[in-house]
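Notes follow the structure.
Labels run A, B, C and D following the written order; every chain starts at residue 1.
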Amino acid sequence: MGVMRLGFVQVRVTDMEAAKSHYIDALGLEKTAEVDGRLYLKGWDEWDHHSVVVEPGGAGLVKMAFKVDQEEDLSELEKRIEAYGLPVRRVHRHEDYAVGEGIVTTLPSGHVLQLYHEIEVLGTRTGRLNPDPWPDDARGMAAPRIDHLLVTAENPGQFTEFFTKVLDFKISERVVPQAGSDEILGAWLYRTNTPHDIAVIPGPNGKLHHFAFWLDNWQDVLRAGDIMAKTGIPVDIGPTRHGITRGTTIYFFDPAGNRNEVFSGGYITYPDFPCITWTADELGKGIFYIQRELNDRFTTVLT
Amino acid sequence: MGVMRLGFVQVRVTDMEAAKSHYIDALGLEKTAEVDGRLYLKGWDEWDHHSVVVEPGGAGLVKMAFKVDQEEDLSELEKRIEAYGLPVRRVHRHEDYAVGEGIVTTLPSGHVLQLYHEIEVLGTRTGRLNPDPWPDDARGMAAPRIDHLLVTAENPGQFTEFFTKVLDFKISERVVPQAGSDEILGAWLYRTNTPHDIAVIPGPNGKLHHFAFWLDNWQDVLRAGDIMAKTGIPVDIGPTRHGITRGTTIYFFDPAGNRNEVFSGGYITYPDFPCITWTADELGKGIFYIQRELNDRFTTVLT
Amino acid sequence: MGVMRLGFVQVRVTDMEAAKSHYIDALGLEKTAEVDGRLYLKGWDEWDHHSVVVEPGGAGLVKMAFKVDQEEDLSELEKRIEAYGLPVRRVHRHEDYAVGEGIVTTLPSGHVLQLYHEIEVLGTRTGRLNPDPWPDDARGMAAPRIDHLLVTAENPGQFTEFFTKVLDFKISERVVPQAGSDEILGAWLYRTNTPHDIAVIPGPNGKLHHFAFWLDNWQDVLRAGDIMAKTGIPVDIGPTRHGITRGTTIYFFDPAGNRNEVFSGGYITYPDFPCITWTADELGKGIFYIQRELNDRFTTVLT
Amino acid sequence: MGVMRLGFVQVRVTDMEAAKSHYIDALGLEKTAEVDGRLYLKGWDEWDHHSVVVEPGGAGLVKMAFKVDQEEDLSELEKRIEAYGLPVRRVHRHEDYAVGEGIVTTLPSGHVLQLYHEIEVLGTRTGRLNPDPWPDDARGMAAPRIDHLLVTAENPGQFTEFFTKVLDFKISERVVPQAGSDEILGAWLYRTNTPHDIAVIPGPNGKLHHFAFWLDNWQDVLRAGDIMAKTGIPVDIGPTRHGITRGTTIYFFDPAGNRNEVFSGGYITYPDFPCITWTADELGKGIFYIQRELNDRFTTVLT
């Protein structure tokens, strides 16, 4: 009941051809449609029509969309969002290509959030009958699926409150100024059994820090780094491990400057997972466990 | 709402000292209690008091216990189970060591199923404040947590019906006699986002095929195999990959003959995951993808 | 000075088209020539013209050829082989396609051994100027190079004596009947810093047990196993670890029944490496460390 | 014949207790002796008495010592070194603890080079009879052995000439100012089948850039990085991949400021390996393949 997963992120890019080369050839996503100037993409292990939408117009996040479990979750969550004090707009069927009816709101942080239940199901190339574990025609990093996104907000505590109180997310990890404080400087939030479906750190409202693609293991993370070198993709940091989530990672940039991540590993969460707390003095270790310090870009490069 | 995860399996062994050596020294579980002749164990990454209970008395499964999300889920599921036609007994607080009130029933397959919400929380050695990704004092295979169990039933379809209709599990994969058939010869069932929390294949009622411990990666699976060789643990099959779940695996036996598994990998599921179907003629590939044939032990060695 | 490495193995197959599919599409070798009915193959990381020659005519080893360091090594080794009592034949330039002058002898075990220094150098696709670590167009298992071969001999001690005394190989590991015995039941022999370039076990004279291709890591071994399943290649055993050499492995068969191996890992050897001894009662563990027993095929299926 | 391998490096540290904690507890080397204020260390997979000698006195390289294949290689190489114009001093037996007679010279680059044949052999804990693939009591990063060292010289071409002409090393890779140039700005040199046993880059004479320990795989490199974070070891860069050698790596510092490396992977070399050339404009990619740029510390932090 309620939010089931991160469905898709919609981002702006400066150059659609460069974006195709990046997301299709290097990351290995499949193009599922190109309609009205927008590019629709999915990972090889995703069944729904798309998990990434790319459109021209600069850089940054147009919106983030979560898929809900049941059609009726939409009305229930619409009520909750309105009760929280935010206006909700109904999105009609196919207003988004291949996506059913939904609701959309703008968060106090300025991010546009959409919820939907229906989306065209395309299936995967390995299929549903006696499938092989991976497809023969993988390209590039061969990212199987989207994993999560990280955004910035002037008030991360408020952002967290919305996701936990209204959308029933749980907090896996949080950053506080010092031990004993409950002031949220950053929060990692989940609805699934992963360490995070979305996270928030302090920064300007409305900005995207990164969105991440899952890879199956640390060897694939290395291979992804090799492909970044081969194809000239700018690397931000990595390969390394996060303290927060325990995941292994490379941050890198798409040709428009949007930060991407390949992410693998991390623990399993459940609704009773006890929130892990990081104090600000250990944040370097929390973000980049091996290096134990943030690079300047981490807090300043946003789109 | 409802079942949150596989909480613990309770098994019989012939020799408690041998079991300690196996589960504590080789698998690397922590002993959290030894009370009334029973041994309570948990993985290093589990917060609850135990995920395995070992007791003297031969071999086989005493019961399997699932943790539910909310206390009130117990009454709701009690009603559903009774409506399904099975008698339910209330388990009082601390009837099971460290476990709160619960309900228990015997399935038509003869397996004892317990549901509970409350259990003592011991936490982990890495803790909740600026934690390291793994503890310093890992032993043996250092299994972080239990993952799933597989049982046999004379009527796997009925078993599957109970878990899906009464407990809201979903089917990730199933085996049918041939394409187009809906007769369930085996089913892999999930409540979490993993490929399975429990599975069933045809066989005598009341029997255990195996219970499995998670490992983080394929390298750890190799290391586990090395430790089996070093410590003289009988290996059934592996390291290999399952077609069903895509997981990597070694099957092996505890000193009483109960089959264990170390398991890593597999895809992510959600409530809308489309059920994958295997036809009986491809079952060899489904179970052991690389070998593409079952060994005799797979269907005959049960406890 | 002397033998530098295993240069190439020449094997017979029943069906050349099936062999192409196996060695080129599945193993990922490159076809470098097809002349007079013979197929010449090399791995993507090999600089010389070929490391495998395939010809029609059943199954089994036509010959094994080692490359020597200096042209003058040929005369020196010719003398030594003749002094050992074996007739030597001079191979003239291009008697073997792309290969220079050499010498050939038939060992007491019935295996044909060729030594050569000159061979056409084709280079690699990553090249010698600012190279990437791996090529973009890898196919299948993408085996970078040949690693070693294992043959059978009625008198493994004699075989070992030839390689150590005449060709200056060292013994990394050997099997003896029991501790204290010096009777060689099997020997692993090296000229490079690897655990073995060639090995011998008891069996009929003139037979091939397997020849092996290097893979860079255990993850690639799993991937190779997946490709065997996808392409229908018969698997003998694995993925597993050898006790002898510590390497990880899958044994499998080409369409003619010749056994291949993918092999990764193992320790480094030097001329002063102390010979490791396995006693016959521990041979199961020596060959298949995790399973700790030989399958029937290990000693009976030869070509 | 000639140099067999890098035998040991002897380095100065500021604090012997801190060095013990670093090299024994964190890197996992074994202490084999502590005599006259010097600490003798070896990896768990090394048979000889030591591969690292640590002594008090600041930081930097006291000397590097290579083991030769035969006792008579010492006289032969003594002659060659003298013919090259360098004075050679005979080192008498046990002048170095546990080491036999040898020769020592000071290179034009100011580095002290020792050659020896005899050294006490301690063996390994896995032993020579039916050994397990790794010991039970591994500590920390559990480095099995030393791999190579990198030094700086004002004239890298001259340094390279000495190692190739006098000691018969081969060049696996070199850096030149631009394509077509033969001016050596850096060289990677091997006697074994590894990509390098020693390397040189431009910099002050007599300085140490780093010495490296082998790890078996990329997963172990990550684990080493985790241990650096846990134990507070300063990390220079990594985990990443080198373009040159293809190896995976983390650079880090011992408590005295000497740079260490954990290194895994890389290709196999032979005497006929064709030298790979990097042009200065691609050096960033050559050193840190994924990041494609040098950090400042790479060229400035030396001991």
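Note that in this section a contact is a pair of C-beta atoms (placed from the backbone, for glycine too) under 8 Å apart; a residue touches a chain by one contact, two chains touch by 3 or more.
Treat the numbers as computed from the prediction; the structure is a model and nothing was measured.
*Asks:* In this assembly, which chains make contact with chain A and also with chain B?
*Replies:* The shared contacts of chain A and chain B, listed by label, come to C, D.
*Asks:* Go through B-D and B-C and name the pair with more C-beta contacts between its chains.
*Replies:* B-C
*Asks:* Looking only at residue numbers at the chain A/chain C interface, is the share used by both copies over half or under half? Answer same or different.
*Replies:* Same, since over half the interface numbering is common to both chains.
*Asks:* Out of A-B, B-C or C-D, find the interface that copies A-D, where copy means more than half of the contact pairs are identical.
*Replies:* Overlap exceeds half of the contact pairs only for B-C.
*Asks:* Between chain C and chain D, what is the separation of their C-alpha centroids in Å?
*Replies:* 31
*Asks:* Quick one: chain B and chain D, Cα centre-to-centre, how many Å?
*Replies:* Taking the average C-alpha coordinate of chain B and of chain D, the gap between them is 48 Å.
*Asks:* Quick one: chain B and chain C, Cα centre-to-centre, how many Å?
*Replies:* Taking the average C-alpha coordinate of chain B and of chain C, the gap between them is 43 Å.
*Asks:* Indicate the residues of chain C shared as contacts by at least two other chains.
*Replies:* Chain C, residues with two or more chain partners: 132-133, 217-219, 226, 229, 241, 243, 285, 289.
*Asks:* With touch defined as at the start, can you tell me which chain A residues reach chain C in the complex?
*Replies:* The touching residues are 132-134, 136, 217, 219, 226, 229-230.
*Asks:* Could you please specify the touching residues of chain B with respect to chain A in the complex?
*Replies:* For chain B paired with chain A, touching residues are 1, 4-5, 45, 47, 67, 69, 121, 123, 128-133, 144-145, 179, 192-194, 214, 216-218, 241, 243, 246, 265, 267-268, 270-279, 282, 285-286, 289.
*Asks:* Could you pull out which chain C residues touch chain B in their complex?
*Replies:* Against chain B, the touching part of chain C is residues 218-219, 222, 225-226, 228-229, 235, 238-241, 243, 248, 250, 285, 289-292.
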